[in-house]
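In what comes next, chain A is part of two complexes: it sits with chain B in the first one and with chain C in the second one.
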Partner chain A sequence: MSARNRLYAALIFLGPALLAVILLRIWPAFDAVHQSLLAPRATRYGFENYIFILTDPVFQNSLWTTLIYSLIVNPLQIAIALALALLMNVAVRLIRFWRTLILLPVAIPQSVSAVIWGVALRPDGPVNAMLVAIGLEEQRFLTSPDQALASVILIVSWIGVGYWMMFLLAGLQDIPKSLYEAVRIDGANRLQQFWYVTLPQLRRPLTFVLVANTVANFLVFAPVQILTQGGPQGSTNLIMNEIYTLAFVAGDPASAAAATVILVSVVLLVVIVQFRMMSAPEDRQR
Partner chain B sequence: MTMAERRSRRGGTSGKVAALLTATLIAGPALAQETTVNFLGANSLDWYAPVIEAFEAAHPDITIAYQRVPFEDLNAAIEARIGQGDSSIDIFEADTPRVPALAWRGYLAPLESRRAEIEAAVPNPVDIEQVSHEGTLFAYPMWSSTQLLYYNRDLLDAAGVRAPAAAPAERLTWAELLEKARAAQEAGAEWGVLVQQVDRYYQLQPLFESSGAGPGLTGDGLLEPAVDTDAWIETARWYADLFEDGIAPRGIAPSQTDDLFINGQLAFMIGGPWVLGRYMSAEGLDFGVAPVPYFEGGEPVTPTGAWALGINPGAANKEAAKTFAEFVTLTAEGSYLSISQAPFPPTNAEARQRYIADMAQLASQIGPIHAVMEYELGNTAVGRPRTIGYVAFETIMNRTFSDIRNGADVAEMLEQTQNRLGRAMSRLR
Partner chain C sequence: MTRPGPVRIAVIVAIALLFFLPLWWVTISALRPADEIFRYLSPLSTWTFWPRELTVAHIAELWTGPFRQAIVNSVYVTLVTVVVGLVVCATAAFALAVIDFPFRNAVFIIMVISFLIPFDAIAVPLFGIMRGLGLQNTYTGLILPGIGNGLAVFLLRQFFLGIPRELREAAFVDGMGWFGVFWRIYVPLSGPAIVSAALILFVFQWQAYLWPLLIAPAPDYKVAAVAIAQLSSFYDQNFGLVFAAALFIALVPMAVLTALQRFYTASVASGGSKE
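And then the complex of A and B:
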């Protein structure tokens, strides 16, 4: 097969995927940038939409809320997922059953989980009934501006940790047993084994989980829309919900496009930083 | 391309003659084939089932497919589908105060060509105004609405409280009502009084109108918010106190409020006539109706306006959709059937007469509901602000009311809302 023919063959095979990427990813992205630069009823490009949202206290609060949410939810989910993966990697009785139990919430759609948790966390719901039964005070959960964001974190983590655990568990099982034997001969204790063997060997799956989880958490929408719609008092107004509100409630698609561009830029920036931080020293020297 | 056209291309001379005959025999090209009209709405399919069934029986070539979305998501669905040029939605429920905003955005097909027919069936100019924007008709007027005070007789009897009178002249003030509600709670009622749609502007606007605080929008085109005034704060505080003082329950969704009244947990309920179906069939519920209270020193005010039917300007089956809309709104039969499951006052004049006569038959059981409704519709009804900013205004206000009833600081909340509204409206001017 000549080089030209090989190129054609590759193009035919890649064509559908490339077309999908262009139609579903690249074109909408360009369209969002184009929309974001056109103020309502404007005919020329300008930064009016960006100035409008960046000076809007509601949008500022939404960015701030998203930042706090991300700083808590990502380390929390990864720490729990890693702890669960380590736990599930040891040989105990019924290990498959325990793994299934932890992975099960992943199989439930986010929206269904949100509805179930919404009922559970209602002021007169079963969670409060349990709290009272063990002698604690009733909590307001999703109706309190001080507890709503924490409740959302609880719900998305319940859904998410099992999923991320599976990647880390697969990574753990890939680590050669001989490495542990070698450091044990050198006299390493359990903590040292974890620090000098497990963590470095887990770098690749951890990088993936960190990046994918961060992106997923920036884009959380369904639980917020179903449970709080950004309330009470804007305390759960994560940026995706704010974009939705701008586009479909306030009827301001231009501002929504600007907010989308800002969101994508922030996510890209964070992901680039994460990749840099997680790359090994030997990769960086190259 | 219609079936007749398709056939004429395929066939020879005889085929062409046959096609010509077929085409002349069938009235409209869009009706020449099986058509499915997609109908988007927020209300229960049960409400429309009888009228859809009758329509399909009369028009065997048209099928109505109803797609329901939650009330809170209807705007987003209209924006996302009709706004993006989706032709698969033919007809949709348009809340009358949203007509200006929807028309301004180009989401409603103008209906000027049908003005004569619409005005013949719906002669009340107020009902026509409710579906117009800048003098142009944009939707088929379907229903109107009003509010009533429902009370649980057993709970009031147990407390030795006299039931409120049905005569509008003896209408209670809010202070008098709260006194009765508290007495009922002391005698065992779990809750005193509740507004059925706890956090929706539609039912709460009358509070602010009655206290003199106004609708919350002023200025040119009603695009300037005015919800942080002292009068607004005072009235909103009064509403917040109902929940703070335990007269009304917190954390409850509008869809769950009827159950409290039906289960005998609530002494007084402010609700529309559409709740009658469920209340009448509730076993062991003995209730009566009276006019809604007002603030002492203020005017009695009731909300009005209701659902109309709008046609998507880009609809694939525009003509069939109009045929359906006209059956529902312009024929007495269709109009009357449309309210058989949810008794809104129909705007169709003939159906309205039958509706009032039906209501009069309930008088021996629950009091002269027909007289109260006719009085309110004619004397105390105040529509929602007619502005292109209404959709944004209503949604933001509903969220604010939700925060207020759940315990947020009223003055702070209204100040934030004023700012948010100001910014949203500035994008429309």
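And then the complex of A and C:
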């Protein structure tokens, strides 16, 4: 095969995917940067749009809400997923079936899960009925500024933790038995086994889950837009909902573009930092 | 793996059933008369969790009512996405894994970095571009974002890299061209990876919400995931239809993933957590 033949073949095979990457990722990314730097009623470049949204109390609140939400939801979901993985890592009849029941919610479109939980969390809905049945008080959930964000966290965790559990389960099953036997001979108890064998051995799947989950949680949109539209009182106005509101409710595409650039930058930064933090010294030397 | 005690098994079963409870409630609510959906909540009774009367009226309404077009749209858009997406992703993966051309690694790195940008994050600027191209309220506009999937390309490329070089060299000697090698050798040998890639493409498109909400708001092109959200926000809610729609939209991927679970988790796990 001549070099020219290989180049033509590569162009034909890669062509559609390259066009897709350019149209679907590179063009909109550049377009967002371009729009965000262009003042709404001027033709020169500048940072007016960034200054405008960063001094806007609604946008500031949205960033703050997203930060609080991320700091709660990511550790919470990973802890639950890890606990579930440890619990479900047993050889017993039907265990695949029980795991599948926990995994199922991730297969459902988020808009459907949002609709289901929207009805379930109604003041006169089944969740309150169950709370009353076990002797607790009824809650306001999505209609209360103090509980709405927690309700969103409940919904996205029901959706996601089974999915992350599957990666950690796969990781647990890759750990060689001999490692546990070795530390047991040294007299390690169960907690020490977990701390000195399980956690270090799970570093790779945990890194992946941490990064993928953080990114996924930055992008939560359907439950917020369907159930609260960012309310009550801005308490659930996560960044994706704020971008949507800026672009299509406020009719301010330049501000939406600036917010998009901030979101994409933060996502890429988080991905890079988390991969670096979780990689062990021996990986870095290589 | 350890032999679990009865307490641990009970905890496993209880947690699994708790996770399943909302879906069970959707199922029975879709199959019971509309006036019974909220009837047995206070006090809680057996009838809260078990239908007293069964009806398929709401299920039938999916096909006779306003939801029918949304189902047709979702199924059509998803099928086309999987078929076209497989062609686009598999050919790209083949070029990146097999054909030795200048700047191959550079092209691969640009593709990986581009796909690190999550699609939903740039959906709003992309919407402006696509509307400018006249693609609002078209099937093309709905399908396009689903066909180029970085994870599917990455996964297929990894699999293609594992197919021995000697196979294609022998084929070239026999006079086969690049397309022959791709279609007669690489595709038939890559069954599991292709199923995994198809699942990734399927899940992405079936679950899409933000993009269809923007690009296809007209009733003729609205997909099911968007239609159900709007159905449930009507003031005069038809809960029977909402639950029937939720059940249908949820059952399709649940059935597919349950049947093909080993392909899905295995592929995503090996694509993500290991090199």
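By our rule, the second predicted complex is superposed on the first by the 263 of 286 C-alpha atoms of A that agree within 3 Å, B and C clash if a C-alpha of one lies under 4 Å from a C-alpha of the other, contacts with A are read in each partner's own complex, and residues count from 1 in each chain.
One rule holds in what follows: a contact is a pair of C-beta atoms (placed from the backbone, for glycine too) under 8 Å apart; a residue touches a chain by one contact, two chains touch by 3 or more.
Not measured: the values here are computed from a predicted model.
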item: Partner chain in contact with A:Ala247 - chain B first, chain C second, else both or neither; value: both
item: First (chain B), second (chain C), both or neither touched by A:Asp124; value: both
item: Partner chain(s) touched by A:Ser255 [first = chain B, second = chain C, both, neither]; value: first
item: Touched partner set for A:Ala133, first chain B, second chain C, both or neither; value: second
item: Broader residue contact with chain A after superposition on the shared chain, chain B or chain C; value: C
item: Partner chain(s) touched by A:Ala114 [first = chain B, second = chain C, both, neither]; value: second
item: Partner chain in contact with A:Ile95 - chain B first, chain C second, else both or neither; value: second
item: First (chain B), second (chain C), both or neither touched by A:Ser265; value: neither
item: Chain B/chain C common contact set on chain A; value: 124, 244, 247-248
item: Touch list for chain B against partner chain A, complex; value: 72, 75-76, 79-80, 101, 105, 250-251, 391-392, 395-396, 399, 402-403, 406-408, 413, 416, 419-420, 423-424, 427-428
item: Partner chain C, residues of chain A touching it in the complex; value: 1, 3, 6-7, 9-10, 12-14, 16-18, 20-21, 23-29, 31-32, 35, 84, 87-92, 95, 97-105, 107-112, 114-120, 124-126, 129-130, 132-133, 158, 162, 166-167, 170-171, 173, 204-205, 207-208, 212, 215, 218-219, 221-222, 226, 240, 243-244, 247-248, 253, 256-257, 260, 263-264, 267-268, 271
item: Contact footprint of chain B on chain A as seen in their complex; value: 40, 52, 56-58, 122-124, 140, 143, 145, 229-234, 244, 247-252, 254-255
item: Residues on chain C engaged by chain A in the complex (per definition of touch); value: 1-4, 8-9, 11-13, 15-17, 19-20, 22-23, 25-26, 38, 41-44, 48, 87-89, 91-92, 94-96, 99-102, 104, 107, 110-111, 114-122, 124-129, 144-145, 147-148, 153, 172, 178, 182, 203, 206-210, 214, 224-226, 228-229, 232-233, 239, 242, 246, 249-250, 253-254, 256-258, 261, 265-266, 268-269, 272-274
